[in-house]
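Think of it as A, B, C and D in the order they're written, each chain with its own count starting at 1.
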Amino acid sequence: MAIRTVVWGENVHEQKSKVVQEIYPDGMHTCIARALAADTALSVTTATLQEPEHGLTKQRLAETDVLIWWGHAAHGDVDDKVVERVCEAVWAGMGLIFLHSAHFSKPFKRLMGAPCNLSWREAGERERLWVTSRHHPITRGLPDSFELENEEMYGEPFGVPEPLETVFVSWFQGGEVFRSGLTYRRGAGNIFYFRPGHETYPTYHDANVQTVIRNAVHWAFNPVQRIADPNAAPNVPVDKAPEKIEERGPKLHKAGEAGLR
Amino acid sequence: MAIRTVVWGENVHEQKSKVVQEIYPDGMHTCIARALAADTALSVTTATLQEPEHGLTKQRLAETDVLIWWGHAAHGDVDDKVVERVCEAVWAGMGLIFLHSAHFSKPFKRLMGAPCNLSWREAGERERLWVTSRHHPITRGLPDSFELENEEMYGEPFGVPEPLETVFVSWFQGGEVFRSGLTYRRGAGNIFYFRPGHETYPTYHDANVQTVIRNAVHWAFNPVQRIADPNAAPNVPVDKAPEKIEERGPKLHKAGEAGLR
Amino acid sequence: MAIRTVVWGENVHEQKSKVVQEIYPDGMHTCIARALAADTALSVTTATLQEPEHGLTKQRLAETDVLIWWGHAAHGDVDDKVVERVCEAVWAGMGLIFLHSAHFSKPFKRLMGAPCNLSWREAGERERLWVTSRHHPITRGLPDSFELENEEMYGEPFGVPEPLETVFVSWFQGGEVFRSGLTYRRGAGNIFYFRPGHETYPTYHDANVQTVIRNAVHWAFNPVQRIADPNAAPNVPVDKAPEKIEERGPKLHKAGEAGLR
Amino acid sequence: MAIRTVVWGENVHEQKSKVVQEIYPDGMHTCIARALAADTALSVTTATLQEPEHGLTKQRLAETDVLIWWGHAAHGDVDDKVVERVCEAVWAGMGLIFLHSAHFSKPFKRLMGAPCNLSWREAGERERLWVTSRHHPITRGLPDSFELENEEMYGEPFGVPEPLETVFVSWFQGGEVFRSGLTYRRGAGNIFYFRPGHETYPTYHDANVQTVIRNAVHWAFNPVQRIADPNAAPNVPVDKAPEKIEERGPKLHKAGEAGLR
């Protein structure tokens, strides 16, 4: 069965900036979705900020295996309820790939528990991404390095938690470096952050970038059935304990009472 | 200079429950603070939920090297502004030790980006903590294992991100296990979660438990000066780039403009 | 294409001990191989210590996607050349699953760079394995915990490096705990250690244990083409540098010279 | 009490190369040792390949808190017995800092269990090290980045296991990047790899490099008493089990018998 993939685009620059429109006439999300659709193992749709509930209803998320997120100008406009819903879907097993300026998106910051800050420069300089985790599934089909002739610079220190794996590190013409591909797991959900993709450059038309995102979808997909309630904290009554025990000592909760939160 | 340590106690059970009052007549936070004060390298004070701003003003946090957090019945009463302030202090370099039911406290959930859920049983059963990271600084002076005759059970799966290090794993009489001591880093701040400490048992009077918390304070202390603004995302202008570059291509931001969030 | 899986058995207890023969009349490796063969996505064969080159020639390893290793009585009899060959295959991308007493096998110790020691007791006691990484691919189809009525005890501290992920933790009737399922990556190869499997108990006939090993084969499989020489340390001549540079300053190596090792 | 620090130098280039002699007339190890000796919290000595047992007798290692290792031309001349002894000291709690070309030293490869390979170029190009773990103790007193005007290039992919923490990433003038500062733990020992230090450049005279090494010594120091036998795998007899159990089922070992290795 195909991996149900949703490309979420903020879709703001595309409406306001001629530069962006020329590069992505149908929107960045559409460009990414088309590149992924070339892989017949994926079933790809899109969603945008402007749709009701940003196109991410509870039902839609329940039917999404991997979500891809691009945002920049309107992070603050994303409804906190949707953010929480997205995070819960991740905890239940949905994969989530954050692209470029999504480092400051609400769901990324929420899932990292960290500032997610960095230094930056918009000068169209050369970026070269180096593979640091050789033959990682996300690097399949890539050379040891590849270049993007024009990109925005993101520089270290990048304020994220230590990742499970560092998959790419970027070199910038202006002298900075950046950990460009990082994997995380939160609950049952796999998370990948991938740096490139400034809106004024044709990054998502690049074959290597498309390969990375396609690989990442396969990597992030968790085939195990979604966890029904990823926040459940069940009480195990004394008579249901795996080993026979007798209750002892004082206690606060009455039998059958829910735990405090 | 002494490590400035603040023991934060929710201080609710102590006001309402005779059982808890008998074990901790001056409050759990006071019991923990006294145990720590025996270490002359520490300068220890307390704070509670009931104080203005929960005793955690911006000024107070700026002068706190390591914060210890115990909460259970009133997680929801903790002001979100204080939660954010505490997290920012961690990102800037403050150490933070979460005890027992603080797994569901707002700052812990915020810093983990995960459900932090578990299974539980209040039966006064035996817990035995095993060291899994031998001679870790937090285990200094401890045997390979130690017992608490009466404790609440917390069982796996524990919904937290993979830690930097697993320092303790608990065995429970009723048949469960739990990763009882976990280290994390968020920004410049060291975080330690330590499981034991149900309010109806005399856990914080236990010498081994006191040793763990005392060691953890030393471990969590970051002697490097606090980061002024842990959320800063500075622009690096083209003429300040470490390597000489020329600006190329289209751009979205005007020179000197702040980045989008 | 099927995942080419080789189950390597030391095959010594099976020849010497009546107890083991009765449980595993065709050898432990054969029992494991049969369980895996039920999965049509796997192509399963076996190899043993007694075969020439222990059945692990260079050619055989080149055609092995995932190797499973069980050893105990004859760790010292495994040829160091074969050990190095196995490790190089891992670095090049072969998956490797270590079972039970293989914690003291030469390849495991070589790949971990650590003592890999533990405490132990052979008393046929009850072991209960708890999932600690919920909905990890290796736990697919399993409940939150499962029991083995008779097993050898392995106790913490387990002298291994911090894993990428802790997937299982065991509870033992006699009071110990153990991190029973751990993932690692070395070079391009995925490694999984799985604790159960003492030779005098019918552990590998257990359906849950079989499920774990089968899942682990799928997880460990790296579909990316094997690295030709995983130890290569190529020189990048000045005129092949990605960015144009001029050679400066004194140097030790002549142009075209191999690096020192 | 001072941290007993030993700087181990291969001391081969210094004897054979005029270029190296001019930069380090008393040897690279002496230069590093002098820089460390400025810190009164450290008690610093040196050892070299040419001394009996390479200056690393069992007694000497027992009295060493942190060892620093520089080698390049004569990795193969280091006695395997000394290598094993060094690794056992690490497992027992000794800190170990590997510098530059020590990535291919026997102890580093032994402790990593991985190829430890990389690409390289000796062109005296500019290296800029960026802090990636802000306010990590090893970065104390450093700016976010610092430069070395002439260095050898080391390029990714670097064939090491995922570290506990990535502390530095290097930018190279010729277009490559490298994870230049990595932390690990093996047994009770803290390990730090630090990239800079090619013998034909004055890297160890650089104040920032000296600061990193000095900080790393403090970080690597494990104040807990050394583990007596870091390889011990003790049997826990049935009557010494923490919980009362009865022996059941068949067994291989007789009571009191040592385990198999």
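Annotations
Rule of thumb we're sticking to: a contact is a pair of C-beta atoms (placed from the backbone, for glycine too) under 8 Å apart; a residue touches a chain by one contact, two chains touch by 3 or more.
In UniProt terms, the chains line up like this: A, B, C, D = Trehalose utilization protein.
For clarity, every value in this text was computed on a predicted model and none was experimentally measured.
Chains that count as touching both chain B (Trehalose utilization protein) and chain C (Trehalose utilization protein), per the definition above, are A, D. Placing every chain at the mean of its C-alpha atoms, the farthest one from chain C (Trehalose utilization protein) is found to be B. Across the two interfaces under comparison, B-D and C-D, the one joined by more C-beta contacts turns out to be C-D. Mean C-alpha positions place chain A (Trehalose utilization protein) and chain D (Trehalose utilization protein) at a centre distance of 35 Å.
Annotation: 31 Å between the Cα-based centres of chain B (Trehalose utilization protein) and chain D (Trehalose utilization protein). Per-chain CA centroids place chain C (Trehalose utilization protein) at a distance of 27 Å from chain D (Trehalose utilization protein). In chain C (Trehalose utilization protein), 128, 133-134, 155, 159, 162, 164-165, 171, 173, 175-176, 185, 187, 242-243 are the positions where the chain touches two or more neighbouring chains simultaneously.
Arrangement of the chains shown, judged by which pairs touch: all-to-all, with no pair of chains left without contact. Residues of chain C (Trehalose utilization protein) that touch chain A (Trehalose utilization protein) in their complex: 93, 128, 133-137, 139-140, 145, 147, 164-165, 171, 173, 185, 187-188, 222-225, 227, 242-243. On chain D (Trehalose utilization protein), the positions that touch chain A (Trehalose utilization protein) within their shared complex are 128, 130-134, 144, 155-159, 162, 164-166, 169-172, 175-177, 179. Contact residues on chain B (Trehalose utilization protein) toward chain A (Trehalose utilization protein) in their complex (touch as defined above): 13, 17, 19-20, 72-73, 75-76, 87, 91, 101, 104, 110-115, 117-125, 150, 153, 155, 159, 161-162, 164, 173-176, 184-187, 198-201, 230-238, 241-243, 245-253, 259-261.
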